[in-house]
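Just dropping this structure here.
Chain IDs A, B, C and D follow the sequence of writing; residue 1 opens each chain.
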Amino acid sequence: MQRTSVGRDIAAKPVAVAPVLRRTPTCRIAPGRADRSTRNHSAPALVAKAPASSHVESNGAHSAPVPAPASTSRDASDAAASSALSANLLLICPDQKGVIAAVSQLLYGFGCNIVASDQFTDSSSSMFFQRITFDFSEIVIGPGNTAVLERAIAELANRFNMKWKISYTNKVKRMAVLVSKQDHCLYDLLIRHRSGELRCEIPLIISNHPDLKHIADTFDVPFVHLPLDKNNKEAQEEALEKLLKDEKIDVVILARYMQIFTQGFCERHWEHTINIHHSFLPAFEGARPYHRAHERGVKIIGATAHFATAELDAGPIIDQAVARITHRDNVEDMIRKGRDLERMVLARAVRWHLDDRVMVYNNKTVVFED
Amino acid sequence: MQRTSVGRDIAAKPVAVAPVLRRTPTCRIAPGRADRSTRNHSAPALVAKAPASSHVESNGAHSAPVPAPASTSRDASDAAASSALSANLLLICPDQKGVIAAVSQLLYGFGCNIVASDQFTDSSSSMFFQRITFDFSEIVIGPGNTAVLERAIAELANRFNMKWKISYTNKVKRMAVLVSKQDHCLYDLLIRHRSGELRCEIPLIISNHPDLKHIADTFDVPFVHLPLDKNNKEAQEEALEKLLKDEKIDVVILARYMQIFTQGFCERHWEHTINIHHSFLPAFEGARPYHRAHERGVKIIGATAHFATAELDAGPIIDQAVARITHRDNVEDMIRKGRDLERMVLARAVRWHLDDRVMVYNNKTVVFED
Amino acid sequence: MQRTSVGRDIAAKPVAVAPVLRRTPTCRIAPGRADRSTRNHSAPALVAKAPASSHVESNGAHSAPVPAPASTSRDASDAAASSALSANLLLICPDQKGVIAAVSQLLYGFGCNIVASDQFTDSSSSMFFQRITFDFSEIVIGPGNTAVLERAIAELANRFNMKWKISYTNKVKRMAVLVSKQDHCLYDLLIRHRSGELRCEIPLIISNHPDLKHIADTFDVPFVHLPLDKNNKEAQEEALEKLLKDEKIDVVILARYMQIFTQGFCERHWEHTINIHHSFLPAFEGARPYHRAHERGVKIIGATAHFATAELDAGPIIDQAVARITHRDNVEDMIRKGRDLERMVLARAVRWHLDDRVMVYNNKTVVFED
Amino acid sequence: MQRTSVGRDIAAKPVAVAPVLRRTPTCRIAPGRADRSTRNHSAPALVAKAPASSHVESNGAHSAPVPAPASTSRDASDAAASSALSANLLLICPDQKGVIAAVSQLLYGFGCNIVASDQFTDSSSSMFFQRITFDFSEIVIGPGNTAVLERAIAELANRFNMKWKISYTNKVKRMAVLVSKQDHCLYDLLIRHRSGELRCEIPLIISNHPDLKHIADTFDVPFVHLPLDKNNKEAQEEALEKLLKDEKIDVVILARYMQIFTQGFCERHWEHTINIHHSFLPAFEGARPYHRAHERGVKIIGATAHFATAELDAGPIIDQAVARITHRDNVEDMIRKGRDLERMVLARAVRWHLDDRVMVYNNKTVVFED
């Protein structure tokens, strides 16, 4: 039962990140938790054209990976035990000679062992993407001093005009699940989490309805009911954001939450917020997709997991799945069959995001599947 | 957009049809083969709200199935050999008690053996659909007198407000394939035809470009080049319709023909005209779907076979198929992978249509798959 | 290995069952509830070597469908509410003219409305299979007197050498789930049941280990721990059979139970016992299929739901599903991906079986999918 | 229309290769044409039990990639035009620190640009696999002197105990297709080749029957009829091997050839010989798999492309695909549906092999899919 846990973002932690960020201002290597300190200083938005960084580029001992100790998560401790000390490094830069050599040489020089590497060059944009998993248990500067490694990476990044992000797998990401009344995706995530498929902690389930509290109770996860009506939308969102901040949430999953956020919320959070939509986008964006699919007479239905950007159902697609239907399937059958698609696709997207396998560029994703 | 289409039939119409039919004793079953004489006499519209019957209700020996004789097609003779004397009966009527009993009793009374039967009740429209394949080799009135059977069916149809259509499997449908410059769907149809998968004759390949003539030659199929430019669209369509009529074409396949017909042509022919569109409709209707799919960053591409109604890419969907893609697939890869989808889906739709397995109602299909 | 199995039932076995049945009016028609009275009178065998009847041929008021009242199951009452009074009739007989006409005429004569019908003629064995769903709310003899209808069916069955079985949809089947230590299939069945996907009651979860009791508790289902070791196999099976009998279980699901039953148990129960095997049978029968699949280097893994006959993993296959894997997937990944296959396939097979959609002949299934 | 063509094997050429090979005697980086000169000098075994070498490790100007000149293949010339000068490097060695850094540094040092790279570490065997595509148009030693690069790679390979193989994409592989009477796979390969999907030349179609000569004629490919009967098996195989040698064949495709080779032939050729088997292996190895699948009552059929080793249907699996079937599908339907699987799977395997994407280890494949 080998499991590796995935590190919580560190820069997240304390201060002094902004200066570093200033040096790579256009960065947006997606799958990242928003930098809180930056945000507190009214950092620019975190999306698309946003100048703010979503990567981790800390410069102090605070960024040192901790020995995965106090985690209450079964996965996390298992992971720490099995995978010793490893990290995921995500890179994006203009395609050019020598990048791979430089990065692998740097890691080798530090005594790190590259365990897995996946890369992609997008010929239309001439951009280069890479994900490297490396073991740093024998890092020459000592595993407590990864900040030194990060400084070296930052310098190299500067040279290649590279945006980057590092996650230490012994720091477990914290994930909040937002739901409404439908339970299938929530159940699915909780069961997969319990089985060790999802490397994260789930400290929080939030809903605009109280209906699913009993499920949260069953799995011993705190449940917060944030009622929502026409008049309290902004206040509810504020309460929600406060919760995310207080609980140091790294990833937000909209497990059939069925509510639309304000543009501001989306711009601040889309990079770590995954929604499941019940159609094969871009077909049937918006409401009641199964009804419209039935009306159109399609022979295939689908589900799509995507980042929840401000434009409804138009965010970068992480994964999709489909199922054949026939004339015999009425809307109820489609809803039933769709539930299986929704939970499979959402689980896959969540898993990949937690494992730092999803990068975003030009509103599209590069997914280094496992 | 309510349309019923258990094919269309001419005999159904009114007058003056029989003489023509008498002169063309082989063939005419097919879903919606255009009625030549009727059309010439400005018959009422055949689509949408057309009050016309869609069943076959011939009344003379001319309708007697012929013993599948002079066919040069391997399939045809195979079929005739194996299936002896059988027919497909398609029914559609308001759902009501006793329909199944009445129809099966009638066939039994005539000494016919029901070989296969498939049915469907659409609860939203309360319509009942049925496809019955029966063997009439031992029909009590003699297999040369199926007209008597048809009259009995017509009476029963009257009682149940039923539209119907009958096809005798020893009468081989005649199919024209329209192509442009891409060859993969044409090759596929010709190879499947030669292997016996498609029960039809292919007496005609038509194209607006001469490029694929060599393929037609290889398979010994007459090839007609009907050039098309801005100024000759109507004339070209007229020439096309004349060809379809002269060659007694029952089914038209747009195998990446890539041209849009006039509304009039569509209204006259949609019921027996199948198009392959290279996306999972309704996503990416219209031009350059792969390019748009690439731009949107979808993780699944598709292809859709549908009847070619006047509204572009909005006709009743017969079948769809999809394939997973990743960020590594550029537009050329998508085109390549899409070719496999297109030919698989088109072949399936053609096969089902030739086997009288597709019924249309409310712009949606009921497909009794094999 | 010729077997016909429109299910057989155990409760059926012993004596004096009828009185009990009279006292439990909500009872459990189920796949192949055996006709007790008939069997007591040593009715002629309907299955290969099985002495028991596989059809329902009751002849008393006890067989009258009750108005689905006292059910505590959400599904059950939903079903009763929505489907008013309907029944599924399963038929199998040698192929011959007039069967369909006779059956549909009979139902029509009684004032029943055929809601759905599916049929199949197996050309190799010349056997005819049919599943008819009919509404009998307006049956001319009154819905409380279906025994009269059944007598008429029995007579007709005699004429056509037909085996048959009838299930009234307002009588909810009772399903027991047997598990060991793995929880994914159990969770899946319970969640689907709660969502209304599975039309049954689940009064019993049985396990040879205590590990999953907490799940049973969560869903308020009684959990019985029947420990198993080398020395108590027979005693454990006896206890198990007693439980099934006492709880009037109609369907047994082996949700990764991982134990092999005695031949006697299989022979008595296989027709209503569904197992999930974690490979695409017949590849990798027996133990550790994922390990063997990994060793062989297959590119696709699968799962198979089948009836649990005496020969290991060789029973009639109800459904299968597969997933692509690559060289990157180690055994643990295959186990993880396989869990999704297992629960999807098992759920589908269970659903179809509960809806009387599965017939067995010659160790193969005819599945009239929904 | 960017296409890269894949280089013909160089060692293939003439002289002096053996000495180099001697330094890496256990090499068997799979799918490679056997080195003829080496074989003649009884070089140490490079494959499991095979005496032939499969890698390219030439050390003279003869190995210099030629400027894609005389190729009559449309693809090849296109490729040469578009992809300038690129090569695929395949590596396999025990997993260890620094391999990636060393290789990428070496290529960078020579002025080569890594265009694509894929790697895999098999944790069970602790072996490391890598495929690197690099552009060497600006190689510092001049593109005519790749032998120098190869010597450097050989030295590095020595250090890491690495087996390796290099293919220059402007040297087009030569592929022979062996067929019997069934035409669907042959048609498919020829059509895909013509459309540019398969980067190779097809100078030869060989069959034990004359039936498909007309297809070879249509596509202007030489067709050789090598009749086979009980008494001439060895002589026929000798003639076949002579043809493969005379025509400098790099890849042999058994496109439903349906004959079993001698063990000696398999041992000499398996690494570049791909067979398509019409079942999802390991289910239904051997003869008549569709008949046996029908008899077993499976719900899914499949096809498998694999290297043709001496043990029947037990070679390393390259790809598999499956399709759902139902009880309605008889053996003929399965054969028909299977044809689509066979040609899809075979085409994919051939494409990957031609693009140097398939590596073999422990009778399993590592496939770096495109």
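Heads up, the rule we're going with is that a residue touches a chain if its C-beta (ideal position, glycine included) is under 8 Å from a C-beta of that chain, and two chains touch if they have at least 3 such contacts.
In UniProt terms the chains read A, B, C, D = ACT domain-containing protein.
From a predicted model like this one, the values you see are computed outputs, not experimental measurements.
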Minimum number of chain-to-chain touching steps separating subunit A (ACT domain-containing protein) from subunit D (ACT domain-containing protein): 1
Recurring contact interface, reference A-C, options A-D, B-D or C-D [over half identical by residue number]: B-D
Farthest chain relative to subunit C (ACT domain-containing protein) (centres taken as mean CA coordinates): D
Computed distance of Cα centres, subunit B (ACT domain-containing protein) from subunit A (ACT domain-containing protein), in Å: 48
Interchain centroid distance [CA atoms averaged], subunit B (ACT domain-containing protein)/subunit C (ACT domain-containing protein), Å: 40
Euclidean distance of C-alpha centroids - subunit B (ACT domain-containing protein) vs subunit D (ACT domain-containing protein), Å: 43
Residues of subunit A (ACT domain-containing protein) touching at least two other chains: 328
Of all residues in subunit A (ACT domain-containing protein), those that touch subunit C (ACT domain-containing protein) in their complex: 1-2, 183-184, 187, 191, 195, 197, 218, 328, 333, 336, 339-340, 344, 370
Interfacial residue positions of subunit A (ACT domain-containing protein) with respect to subunit D (ACT domain-containing protein) in the complex: 97-98, 100-102, 104-105, 107-108, 111-119, 121
In the complex, subunit D (ACT domain-containing protein) residues that touch subunit C (ACT domain-containing protein): 120, 122-124, 280-284, 296-300, 302, 316-322, 326-328, 330, 362-367, 369
